[in-house]
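Should a chain be cited, it is by its letter among A, B, C and D, assigned in written order, with residues numbered from 1 in that chain.
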Amino acid sequence: MPTKWISRKDLKKLPDQWLKQYDVYAPIQNGHELAFQLVKESAQIVWDVPSNPRYPAKSLFLPQSEVLMSYDGILHSVEKVERPKVLFGLHPCDARAIRLLDHALVDEQNPDEYWKSKRQSTIIVSTACISPDESCFCTAVGGSPFNTADSDALIVEVEDEFCVYVLTEKGGVLFSKLPDAEDAQREKVEKLTKKVEAGMPKAFPKKKLHDNLLASFETDFWKEVSQSCLGCGVCTFLCPSCFCFDIADETVRKERVRNWDSCMFRTYSLEASGHNPRPTKMERTRQRVMHKFVYWVDLVGEIGCTGCGRCVKYCPVNIDIRAIAQDALHREFEGMKK
Amino acid sequence: MPNTRDQKIQAEAKRLLQDGVVDVVIGFQKGTLPYKMQPCFISRADEVAKLTLNGLCSNNLAVYLNHWPKGEKTAIIVRGCESRAIQTLVLENRHARENLYLIGVPCIGILDLQKIGQQELQPVLAVQEEGDQVRVTFGNGEKLFKRNEALHDACLHCNHPQPLNADVVIDEAGLFEDGSFDKSYLHAFRNLSAKKRNEVFRAEAERCIRCYACREACPMCYCEECFVNHSRPQWIDSTIAPSGQQGWHIIRAFHQTGRCVSCGACERACPMNIKMTYLTDLLNQDMAAEYGFEAGLDAAAAPPFLTLGEDKGKFTGEQEEDHAN
Amino acid sequence: MTQKKPLIVLFQCQYCLASSLDQYWVEQELPENVKRVKVPCSGRIDPLYILNAIQGGADGIMVCGCMPEKCHYKEGNLHARRTLNEFRNFLNTLGYPQERFVFHWMNIDERGVIQPLLASFEERLKRSKDRPRLANRMLNQENG
Amino acid sequence: MKNCYEPFPMHIERVVVETTDATLKSFELTFDRKEDCAEFFEKYNPGQFCQLSIFGKGEAPIGIASAAWEGNFVRFTVQKMGKFTSAIHAMRAGDPIGMRGPLGNGFPLGDWKGLHLLVIGGGCAFSTLYAMTKHILHPSHRAEYGEITALYGTRNSGLCLYKPVIEEWHNRDDMVVHQAIDVPEENWKYHVGFVPAVLEEIAPSPRNTVAVLCGPPAMTKFTLPVLTKLAFPPERIYTSLEKRMKCGVGHCGRCNIGHKYVCKDGPVFTLKELQELPNEI
């Protein structure tokens, strides 16, 4: 796939051209915050985003509340024709999360058509993260601020110009008219990549972390970790790779909807009999961390956390998943596998 | 770098643990980000050096008492709002006062991360409190705030920053005296037109993502089953439709009438920066005007919704007034 | 053009109508635009009921209970008065005008009062320019 | 679009009150559309479950209690518990209802061919075992399996499900049925005591035998050690789990134990599989 080059001035005009054919979603300023929202013109887009907009981009594919079916005596699927979309300006960690969610929501037997149709109609153009935030740790969990694996195209800012890695044919459509990058320009990007990555945390030893956490399952470690947890849903709702949802009926509107749900809520796993397999914050915190670092690894061979840092940054009591992982790595748990 | 306030807190905590007065001390320790402190639970005397208290300690520690083993002797570091919250919790029989040891600290206010610029646009690298100034280091340089400008609204409107009914009060000056601030901002809100008031409310509520951080951060929200989780019937729209968001904020606030201690922990916990203490403040102001009641000030006075007797005489004339409407 | 009749939700304490004729009327002959919620006591009316009525599209809400000292449960009505009065103030501040939310505390010797009360409330609602501004449950939105 | 969340439109054909206290009822549902019926029976394997769906009351995962040969209907035995189950208990023959399924893996009947079966059930969890046993007892399947021993425990005789059929089973010569109740009752012909104790008493041989266990968590917890004591190997002990579920197809996340989803990878697991998973049932 080709690598292209473009000046800042030209790049800023590019989304305007896309707007003719696509709905473009990009980080724009919404009050005090940034959010991935529908763009009306290029000028709205915030180009230099050091840290991730708090509301994750997964909401464009798995909306927080989505109507699944309508009811008129029986339930009918809501079928929507998805407009072609460009999702622009997300960081590689968010792009990776979206790819991870494909594993969770699309299986051969029962694909989630709502997710799939939105996914197929969207071109993902991510921008490299050249000044990662304090809370960022994508390199620790197998990603990189310059990760090219999960997007249709990746844009890297170098000295006020931009290098565009076209990564799929889908992505190529948007940049077909640009000139190819020269070797000197590519070198600049590689240098920058090395420099930024060098300042980021080292990768967790995936296997050791997996085994340690499993061994810790029934230890007091989790009591310690969860003691200050409030039990709110901030970490999971803002997490780009959390996908749990609840299905509910809105009788007034005669709709069956799905809403994001959170394993941190008491009612999440509460059964009608009153039995709750995860009765306290300890089990719930454990589930969240284990899901990211153990169960995802068992299922797809990758850590399910993408290191975007949102849960670290917005947790009201500063429960830091990086610190939990580090802590688990450096402890000895009984019955630990060698 | 421990300041004298921290050292005094640590010394007191150490004494309590060493003498076996308490089993655990609930306080704050340094967090993993430069602008975050983390609640901590110290049960060994050699760990007290972790304890600190500064303007970045944004939670109300009383919230932990709701799920705390009832018999455990517990010390808790309290500022004004925390002491009032505990007073209310004790009044509501959530906890026995004799099992608690309150280490009072005159409040220096809590910084508002939003006001000091913790947002997506520039990373915060360090926050330093220097007397009545706050120095914040951003990715692209430093900025100096006047402390009053950087304080959270709830602290600016706080009338009782001094800890009440504490077992010991750390000998350090607080930032304000009791009664030094008022809630005149509420008058401004009340004086807006009906349309404007609703617009403000709607604009705040519509950012809600229903994560219930406000509920969980609040010491007064301790119901086993919250009304939003109720399924038979389902009172509040489960989605992020406006009716669901508004319903949540209206009833959440209303359940706090005469109970909310205006600490603002809900607002600081909110990941979407939704303003919500004005709702409970409005209700509290009514309670103060109507019944002369303020939550948490008097260890023996129950909130107005639980005391009814004196209404009997006043009640009759009212329906005529309503007829006239 | 005929104006749609305002939808009124009547919360009625089951003891407040001393006359069985009136009770029969609210049970059987209420106009179609009035929905009645019978409660064992006005004190049983949770603010959630009121909110539910509002979000269900009520143009007006009337709470009917007993006079003080006449409560079947001693002080349920006192509780109702305190909480609902405050709730009414609160809703008024946020966007449900207080003129749309009224109370009537029935005296034991009142007969045939409920009918004209509802009629005049309906009239007032029709004339009212201050509309309810709180969100209705019919509204939906996707993507916060 | 084939939407995995859209239920088949169904109707309730028949309602049977199973127990004397009426907390358990069986509902037989028929399909409104022929193609749904064909799709269902093409996939159905005893041990699977369906998401029953009543609009406004939500959905609930309920085990299938009928064998395919019984006819073009699906039976569910439902205990009145929460929002959904109370709603279905109020329904009558002729009422419409939704159903998604069959979901989950079901019992691996193919692997059990040629083996003896020990079927242990307790309370209302007996429903899927009932479907499985019925399936096996059908003349065209019976010869494929060895001896069948069933142990069914309930709190009292009034709570016993499917009474007429179980009476028939007692009279069959190709299976042994043990029934147990917790406390003695007049005119009770069978065992008295909790299932684990009765199991120890009848001490079935583990030779070439598969044990299938479904019951409330407390019963399962105390019966598993008995089976182990009787020398049943963990890979020959099967049990069916329950969890809170929403989607039923492994998307919504809540029914996991470790990396397995009970709805998709279960509900039937061997003890061996469970031993390898975190202890969070």
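By definition in this document, a residue touches a chain if its C-beta (ideal position, glycine included) is under 8 Å from a C-beta of that chain, and two chains touch if they have at least 3 such contacts.
Note that the structure is a prediction, hence the values are computed from the model and not measured.
A comparison of the A-C and B-C interfaces places the larger number of contacting C-beta pairs at B-C.
For chain A, the chain with the farthest CA centroid is C. Note on chain placement: the centre of chain A and the centre of chain C lie 48 Å apart, centres being C-alpha means. The centroid of the Cα atoms in chain B and the matching centroid in chain C are 34 Å apart.
If you average the Cα atoms of chain A and of chain D, the two centres end up 39 Å apart. The set of chain B residues that touch two or more partner chains comprises 207, 209, 237, 239-241. In chain A, 55, 64-65, 246, 248, 250, 252 are the positions where the chain touches two or more neighbouring chains simultaneously. Along chain D, residues 58, 82-83 each make contact with two or more other chains.
Chain B makes touch with chain A in their complex at residues 31-34, 36-41, 58-59, 63-64, 67, 114, 119-125, 139, 207, 209-213, 215-217, 229, 234, 237-241, 268-269, 271-273. Chain B makes touch with chain C in their complex at residues 189-190, 194-195, 197-198, 201-202, 206-209, 227, 235, 237, 239-243, 245-247, 250-251, 253-254, 257, 279, 282-283, 286-287, 290, 304-305, 308-309, 311-312, 315-316, 318-319, 322, 325. Within the complex formed with chain B, the residues of chain A that make contact are 27, 31-34, 46, 49-55, 64-65, 131, 133-135, 227-228, 230-234, 237-238, 246, 248, 250, 252, 257, 259-260, 262, 265-267, 281, 312-314, 316-320, 322-323. Within the complex formed with chain B, the chain C residues making contact are 47-48, 51-52, 55, 67-69, 75, 78-79, 81-83, 86-87, 89-95, 97-99, 102-105, 124, 130, 133-137, 139-141, 144.
Those residues of chain A that touch chain D in the complex are listed here as 68-69, 71, 73-77, 79, 104-105, 107, 109-113, 117, 214, 217-218, 243-249, 251, 254, 256, 258, 261, 263, 268-273, 275, 277-278, 283, 287, 290-291, 294-296, 298-299.
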